[in-house]
Amino acid sequence: MSSVVTTVAAPEFRVANWLNASRPVSLARLRGKVVAVYAFQMLCPGCVSHAIPQAKQVRHTFPREDVEVLGLHTVFEHHVAMGRAALEAFIHEYRIDFPVGIDQPSDNGPVPLTMQQYQLRGTPTLLLFDRQGVLRHSILGKVHDMQVGALLAGLVAETIAQPQHPHCNDGACRI
Amino acid sequence: MSSVVTTVAAPEFRVANWLNASRPVSLARLRGKVVAVYAFQMLCPGCVSHAIPQAKQVRHTFPREDVEVLGLHTVFEHHVAMGRAALEAFIHEYRIDFPVGIDQPSDNGPVPLTMQQYQLRGTPTLLLFDRQGVLRHSILGKVHDMQVGALLAGLVAETIAQPQHPHCNDGACRI
Amino acid sequence: MSSVVTTVAAPEFRVANWLNASRPVSLARLRGKVVAVYAFQMLCPGCVSHAIPQAKQVRHTFPREDVEVLGLHTVFEHHVAMGRAALEAFIHEYRIDFPVGIDQPSDNGPVPLTMQQYQLRGTPTLLLFDRQGVLRHSILGKVHDMQVGALLAGLVAETIAQPQHPHCNDGACRI
Amino acid sequence: MSSVVTTVAAPEFRVANWLNASRPVSLARLRGKVVAVYAFQMLCPGCVSHAIPQAKQVRHTFPREDVEVLGLHTVFEHHVAMGRAALEAFIHEYRIDFPVGIDQPSDNGPVPLTMQQYQLRGTPTLLLFDRQGVLRHSILGKVHDMQVGALLAGLVAETIAQPQHPHCNDGACRI
């Protein structure tokens, strides 16, 4: 498991399409909530047997006002087998009801753009963002359900620090 | 569970392509062995969590001279998501090493031809053929591993009845 | 896994008490049936998590006219914790409904008499007897459910050889 | 699941013996830590298959300076089968290394004293105490690992309120 040391709000995901969402999901608009993102591939066995059921369990365990659950389809292999139509069928068959973003394919190689930017090394990877949008954990592989519950509740319990200049964020100050 | 009452060798599968096989698989050429066929769809959750692991366990438990294990990809929904390339990726990722046939799509509807002919009602379905090629069991849904072991060993233990006219079979008599 | 090479009917169990049985169980009286015996200790974790549930599954899978399921409580450690009253509570709480024999304690050491005679090396051990009372398999540790189903069905399928001298058995001939 | 509404430090356990402990465990001395107590019976199937493994997982997941894990053997049936020697064998075989208290038997009935005082209705029951010794949750039956992780981390994250009269506690004020 790796914890991430940063205090800067994480960059937005670069997503071609969001499924199960009425409009594009924005990390900025989720500021104030803890966000659990499961980066997965629909043909990755560990994603199917472990990460997707765990994501559902997070959705079931934590109230939505505290924790948002997202999927991110980070296809870095077998691209032809894991296109949008295939993902839609997968989402339907596995009864996934949280938003799933399709990581934007790269023009220069198999690894999609968000996966590159977040330096993910494979799937499944669990990304945990705190209420201020800072990426706090990036964990490749199987994580125990109890550990996930503990990490999320720890982030939920954090109070949001009042910014010194409340009108300044994202590198800009507004009137 | 349903047992099938017939004494006639079952019809050959109508298969567009065989994967994991150097040449098309023929039930007739498997005469003398018990054959376990798992009809599945790669995006059917019960197939992935139960039937495919069980098929591997059959391959592991019974010697190949007694029992042949086959997959049959009987796609009757989400056709665009479960084409040949997708199935090849699935077979690779799930480490499937037994032959898998792609049930021949129908021109007239979503249900492929072998699935129609065998009157399968869904996936996963386990088809068990005896040493003489007679379909003896067609079971939809989850079957307990112990039950599968028992059914297969029962078929393995059956002696092959000597045909009255040993040179006649498949509807023809040979010199 | 070890298969046992012998053609002689196995010796009777030496049992202090039979629970869940209206009278003492005798292997001789079970002649004609396949018999699956789970040697276990109620405080052996692998027995509780694996062998006892499997024994129940055998009872559920095979008809009683073909396969008899027995437990044999072979206590070789923690004797004070696994006496008859404790075993009765265990049988009640774990909803065990097949006969369970208490292996006769030895005067000379911790290993009880049947366990000695059958040269068992630990618990759980699965003993499989064929229809003629011959011990055919003695398997220490975890056995896959499919394997157990296959072994039992193989024994069930064996025809009972007609003895050449039907009045002779157990080393004696009777008028 | 039931949450407990109280702000008073919970009463000490009434325990005949503590196993796996160099001296009697006192809730008062654990003040400052979150405490997870698994009330169980060694012959209760759900305790063995679920609660004990979960208790071990809590011990594995949370550092001991934050969370203390205790067992409480609350025998209310089959008393003769679950005495101290039997429990010691159970603790040994199941590799339990956290302290386990034997709930003090009652002179007047089958339910032991701590179980009475805490009004437990069965086993397994999970009791969660906050850093100030207040019982916050009393949950009978199976609880999901993720939920336990979340509840514990939530309690761990609570800051300890400074008492208004720091020298007053337990109903007395000290100089």
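To keep things simple, chains are lettered A, B, C and D as they appear, and every chain counts its residues starting from 1.
Here, contacts are C-beta pairs under 8 Å (C-beta built on N, C-alpha and C of every residue); 3 or more make two chains touch, one makes a residue touch a chain.
These numbers were taken from a predicted model, which means no experiment stands behind them.
Visitor: In terms of touching chains, how many steps apart are subunit A and subunit C, taking the shortest path?
Guide: The distance in steps between these two chains is 2.
Visitor: Could you tell me the distance, in whole angstrom, between the mean C-alpha positions of subunit A and subunit B?
Guide: Using C-alpha averages as centres, the distance is 40 Å.
Visitor: Let me have the rounded angstrom distance from the C-alpha centre of subunit B over to the C-alpha centre of subunit D, please.
Guide: 53
Visitor: So the centre of each chain is just the mean of its C-alpha atoms; given that, what is the distance between subunit B and subunit C in Å?
Guide: 36
Visitor: So how do the chains connect up here, line, ring, star, complete, or something else (other)?
Guide: Its topology is that of a ring.
Visitor: Spell out all pairs of chains that touch, sorted by label.
Guide: A-B, A-D, B-C, C-D
Visitor: Could you please specify the touching residues of subunit A with respect to subunit B in the complex?
Guide: Interface residues on subunit A, with respect to subunit B: 43-45, 48-49, 77-78, 80-82, 85-86, 88-90, 92-94.
Visitor: Under the touch definition given earlier, write down the residues of subunit B that touch subunit C in their complex.
Guide: On the subunit B side, the touching residues are 54, 57-58, 61-62, 144-154, 156-158.
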